[in-house]
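Shared between the two complexes below is subunit A, which has subunit B as its partner in the first and subunit C in the second.
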Partner chain A sequence: MQAQDKTIPRFKTSIDYDKCIKCGRCSVNCPFGVIEFDREQKKPVIVDTSKCVACQRCAVYCPGEAISIEEYPVAYAPHANWTPWHIRAISEQARTGGVLATGMGNDRSYPIVFDYLVWDACQVTNPSIDALREPVETRTFLGKKPKNLSIKEVNGKYVMDDIYPNVMLSTPLTVGHMSLGSISYNAYTSILRAVSEVGTLYGTGEGGLHPSHQAYKKNTISEVASGRFGVSPDYLYGAAIEIKIGQGAKPGHGGQLPGEKVTQLISDTRGIPLGTDALSPNPQHDIYSIEDLKTLIAALHEATEYSVPVGVKVAAVNNIAPIASGIVRADADFITIDGFRGSTGAAPRVIRDNAGIPIELAVASVDQHLRNEGIRHQITLIAGGSLRSSSDLVKIIALGADVGMISTAVLVAMGCKLCQQCPTGKCAWGIATGNPMLGKRIDIDWASKRAANLLRSWTADLDEVLGAMGIDAVDSLVGNRDRLRYIGPNPHEAKILGVQHAGSRVEIGGE
Partner chain B sequence: MKMDQQKKFTIDAEPQGKKLHHKELNEKIRKAIKDGHTWITLNNVSGQRFIGAGIKEKVTIEVYGDAGLDTGVFSEGPTIIVHGNSEYLLGNTLNGGELVVYGDSWDITGMGARSGKIFVMGEGGSRIGIHMKEFKDKRPVIVYGGRVKQYLGEYMAGGIIVVLGLDYSNAIIDPKKPISKDNIDPKKIKEHQGDIVQSYLGAGIHGGAIYVRGTVPDKYLGIYAVKEEFTESDKETLKPILERYSELFNTPEDLLWKNGYTKVRPISSRPFEKVYNSTPI
Partner chain C sequence: MKKSLTKSFTELPRERELSACGIAGLFNLDKKMVSGEPIAKMMATMEERENGLGAGYAAYGLFPKLKEYYCLQLIIDDEEAKRAVEEFLNSYTDIVKDEEVSVKKGVLKEYPIVWRFFVSPRDEKVSPDDTMKDIMMHINCSIKGAFCLSGGKDMAVFKGNGWATEIAEFYQIKDIKAFMWSAHSRFPTNTPGWWGGAHPFSLLGHAVVHNGEITSYGTNVNYLKEFGYECKLLTDTEVLAYIYDYIARKCNYPEKIASRIAMMALAPPYWKDIDLMTPEKKKWATNIRIAHRKAMANGPFSIIITTDMPKPTMIGHSDRKKLRPMIAALSEDGKTFYLASELNAIHTIDRNVKYWQPDPGKPVIASLGDPIITGTKDPLEGLELA
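What follows is the complex of A and B.
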């Protein structure tokens, strides 16, 4: 590497030797090769700050709180157009000629629609519910609902016609798909344990379910994606099946699990040889149209004897509303929409940062479109990408989703600091790594408790909000956009959301 | 188990002239399996989809007529024999068992297959064997007796594909009867003239091997696919496959080995290794 190939480091790691106890723990903890420890030196912590990614592992584990990490204090000559970000990207592209890959969700500064929404509460004209003492229903059911119930008598028993398989969720919150491989065995097991304790579902991701995880099967959504990794007849009998067409972080793109991450564990789970690239093609080659999708949904229904709900996951893109309509007409039992801020273990940066639309607009548009067509009741709508807080969850439900889906938030609960190094597999927190030594940094008991607590906390928040809104069941909040108000700068956006501006009142007999 | 020791059951797929829906047909098949039948014959099949979907039992399902889309999809155990044609997606995500078609089977046969064997006597369309994979003793096999179209073995991650380029159009003894082993005259099997595979052969292949009888022009090779010398070890690999093919379709083994084979394999098990750069910016 020539000197000109180098860029200025992103972060500066410094050691305060007044506080340093010279234990060397920082060096052991850093998987990125920033810190070396040589006891014989006067200043034993040797820092190569150019490799620092600000994952904070060393700083958190330093017993003396002697480590500080800051942005590297070198100024770029001011230029509003050619930002340091652009200069760095070009430098890196010029060095290798390759596609810049990254992890986690879109980190660019687009406006966030969630932050322009506020919700309503009961005052005088309607009573609120005291959620701590009075019942507020947060359970919901995933699956197709009949248009109306018809009950008939068969052999002296009353049975209902046209009942489709449904799965009960204790909370309108699921954990999105993160495959074993994209995250470590311990992280994966922790999430499985958390969802089974809370009574909700976790997406298996593409790659099948490891034999040791079979006990959690009824808390998983089995993903059938373009690579068909790990798809066996047994695997299809999870709580639900999801055909993955797209992912919010990389709409139109498939996936590559690089060979170095295909360890024995992953090889056993996916059913592929050690060390080969696990490539998921961009399209599913048996789906080139809505009709083809209908065929695959029917095949999955047929293979599971109509006992498991089959859904379709799509990324939020321009024409998401008619696409969703097509998916309903293809007999899906649920649709998962992943917004353009959704996360990934690895994606081309150019796609992650630019493709797709915000989930808030996508959900509002899909919900309204399906209502207009009279088919909204037929499916459960799951939305994610990205929900950062319980307030985002409340807002996405009010905009039209039945269920919110979170992934990054769960990883953050387990220690993730959003350093975006997932594709390197070097995760210092033991999450996005295939290295078993790093993976063991996740203590399953601790992490599963943290993840379960997060799910419970958001559910409790939802409970409180529903009570204050005077709504006694979360299903009554779904698509209840009248309870939202818009406080952002763009009236056109409010119109697409179907939300009135704050200060507007309900128009009786209006439009 | 020999055929006469099997517990047999016959299902009419079009009773009283009314064609059964695939849901009804599969329900009947599953019930027959549950009742302990091991050889299930389906008569009058006319394009019903998903025959044998997701079945794990090691039974034989014999289909008379033309099978529809997704025959044997997600299945793991059964032998499905089709005396007729099979539509697209034969053996989609197949996990085991054996699928035999005495006819043509067009696009995307064996998509994502993880194990099992597929033998087709006739012609095939595009993207056959796309993204097949293999693992330990699970090594899927697809054999086409006739010719196939573009993108054979695209994204292939494992397993074996064989294309023979044989023409059975004059070899059927009694065209009015369903095609079966006994209805093929081995002396009248011909060889197709011209190329039996087409362009984008093995595009993106990163595992497994494709064997084409005769020669393959270089212009047909897809990205990351290369030709490799056909060795003794390849011969050992092909031997049991061709023996089985010969037995199923009453085709002389001499004819199957005539003209030799061209082997196509991946240039690397990690073709896209250098495309991505995850250095943070």
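What follows is the complex of A and C.
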């Protein structure tokens, strides 16, 4: 590497030696090689601040609060068009000649539609409900809903036929797909434990379910992705099956787990030989059309004797509404839509940052389209990518989703600081890493409690909001855009959302 | 531009009704004809609950000689609108008879023409009920200056803008005889002056009177639209009438239990109670909630639904927390069934009734010839389920 290859570091790490107790915890904790313990001087020293990613691990673990991390204080000559972001990217591309990889969700400053929405509450003409004292229900069922029930009268007895399989969730909130491999064994186990405690589901991600996780099977959505890794007849009998067509962070893209990351653990889970590359193709090579998708859905229904709901996950793209309609007509029991801010363990930056559309607009458009076609009632609509708070959850449900799906938020609950280094496998917090030494940094008891707390906290928030809206079951919030108002700058956006402007009493009615 | 009394959305802003109200029902279980005087008296007693901006009455058993024909009772702004309605009806139905509904002059300052048509739908491919539903919706949404007050058989709705006593006098309710009555007086918080916005709200032979505000309106409207119900009249009550019609009539449930299922969908048992039910009942309650989840009406309401389908039935229902009042009563001889917002309304007519408080979210159902479902047990009680 020549000197010219170098770019200015992004962050400057420094140690205040007046406060430092020279314990060396920071150097042990830094997996990126920023801090090392100097045995001669008997103190930690910054050896390469250019490697700092601001993961905060050293600073959090420093007992003396001696470490500070700041943006590197070197100015770029101001240029509104050629920002430091562009200069750094070009420098990196020129150095490597390759595709820039990144992790987590789209970090660009697009408008966030959620932040332009507010909701309604009861005053005078209807009473609000005290969620702490009166029942407010969040129980939700995932699966296909019949148009009406089939009931017959037989000799004075009323007989109701069974309906499609539906999975009970205690809250309209699930945890999205993160495979074992994309996150560590301990992180994975913690999430499984959290969802089973709370009574909801976790997506297995592409790559199967490890034999030691069988006890949590009924709290998992078994992903069937383009590589079919880990798919076995037994694996399909989770709570639900999800065919993964796309992911919000990388629509139109598949995934790779390089051979060096395919350890014994991954090999056992995915059912592939140790050390082989696990390449998930961009498309599913047996699905080149909607009729192909229908065939796979039918095959999975058959394989599980129609006892497990089969859904399809797609990234939110321009044409999402007719795509969703096709999926319903292909006999899916639920649809998961992942917005363009959804996260990833590894994706080309150019795709992560530019492909797809915001989940708010996608859900509004899909919900409206399916209603126009008279098929909305059949399907459970799950939406994620990205819900950052319980308020985003309330808003996405009011826009038309049945269930909100979160992943990044759960990782943050377990310590993630969004440093976006997931593809490096060096996660200092022991989350996005296959390195067992780093993975051990997640204490399963602690992390599962934190993740469960997050799910409970958002559900409690939802209770409170429903109560204030005078609604005592979340069913009555689904698609209830009447209770939302738009306060953003763009009336056209409000129209797509089907939400009236704040302050307006004008009824939108049907069209 | 001349003010329209029939349409809210031609000139007034399109706002949804938010109202408090008084409601009452009177049902002679022997099908004996009763004058409208008692029900009018019941409403007069509850004057505190209204503010003079709308009231109405629904009456069943009015046209024994024409009972196989649908009676479309309309309010019409002018002759032009009447011609438009007639023209429209002629293209889809045979008009058997039409007449002006007599009203008393000098009671209300302004009022529209009230006219009724007895019709028989022509299209044989679609069920007559569905044709009539579409005809009512078309008139209400698309024909300027006309509004359908009701469209069932052997029944009609009499409503308008004014105090309950004024509306009773305007239509000479005491001279009308019916075996089943429901009534409503409004305390709207907006859109005064619109006759169509008064209750009872009727579709086919159903009439709904409603006290409350539906907080699930947006969800319900979306659900109903999937099944061909256009909610364009901007009243919560409209939503309730369509939910009832969809579940009790369109879903083809066994006649005897269809209205119970509709009521359960509207205000289902809590999950915590469902979890404690017997396995069969649990399956029924769970599946009803799953299949009709978006038919659930949230927010405070108490309602009286009267219908002639499949046979004369009066239902009283409230939200799951019973945030609006509803009291039921039976006369000493067990022949007259009453529902009202307040007990005094019933006592005005009969001091010796046996009265009771239906439980929150549990329907009271009086159906001609069947024992009364009292609303003190869950609505599936007494049925053999599998």
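Simple rule for what comes next: the second predicted complex is superposed on the first by the 493 of 511 C-alpha atoms of A that agree within 3 Å, B and C clash if a C-alpha of one lies under 4 Å from a C-alpha of the other, contacts with A are read in each partner's own complex, and residues count from 1 in each chain.
Note that in this section a contact is a pair of C-beta atoms (placed from the backbone, for glycine too) under 8 Å apart; a residue touches a chain by one contact, two chains touch by 3 or more.
Everything quoted here is computed from the prediction, not taken from an experiment.
Placing subunit B and subunit C on a common subunit A by superposition gives a fit, with no clash between them. By the touch criterion defined above, A:371 reaches subunit C but does not reach subunit B. In the superposition on chain A, contact is made by A:160 with subunit C only, not with subunit B. By the document's definition of touching, of the two partners only subunit C reaches A:148; subunit B does not.
Applying the stated contact rule after C-alpha superposition, one finds that A:481 touches subunit C and leaves subunit B untouched.
Contacts of A:273 after superposition on the shared chain: subunit B is touched, whereas subunit C is not. By the document's definition of touching, neither partner reaches A:82: not subunit B, not subunit C.
Taking Cα centres throughout, subunit A sits at the apex of an angle toward subunit B and subunit C that amounts to 100 degrees, reported as a multiple of 10.
In the superposition on chain A, A:96 makes contact with subunit B only, not with subunit C. Contacts of A:420 after superposition: subunit B is touched, whereas subunit C is not reached. Of the two partner chains placed by the overlay, only subunit C lies in contact with A:127; subunit B stays clear of it. The gap separating subunit B from subunit C at its narrowest, counted between C-alpha atoms of the superposed chains, is 24 angstrom. The residues of subunit B lying in touch with subunit A in their complex are 22-23, 26, 30, 49-50, 53-56, 69-70, 73-76, 88-89, 92-93, 95, 108, 111-112, 114, 127, 130-131, 133-135, 138, 154-155, 157-158, 204, 206-207, 269-281.
Of all residues in subunit A, those touching subunit C in their complex are 122, 124-127, 129, 134-135, 137, 139, 141, 145-149, 151-153, 156-160, 163, 166, 367, 371, 374-377, 469-473, 475-483, 505-507, 509-510. On the subunit A side of its complex with subunit B, the touching residues are 10, 53, 85, 88-89, 92-93, 96, 98-103, 224, 226-229, 231-234, 236, 256, 258-259, 267, 270-273, 275-279, 281, 285-286, 295, 298-300, 302-306, 346, 348-349, 420-421, 423-424.
Taken in their complex, subunit C has these residues touching subunit A: 13-16, 18-20, 189, 212-213, 215-223, 225-227, 230-232, 234, 247, 250-254, 256-257, 261, 270-272, 283-284, 287-294, 296-300, 320-321, 323, 383-386.
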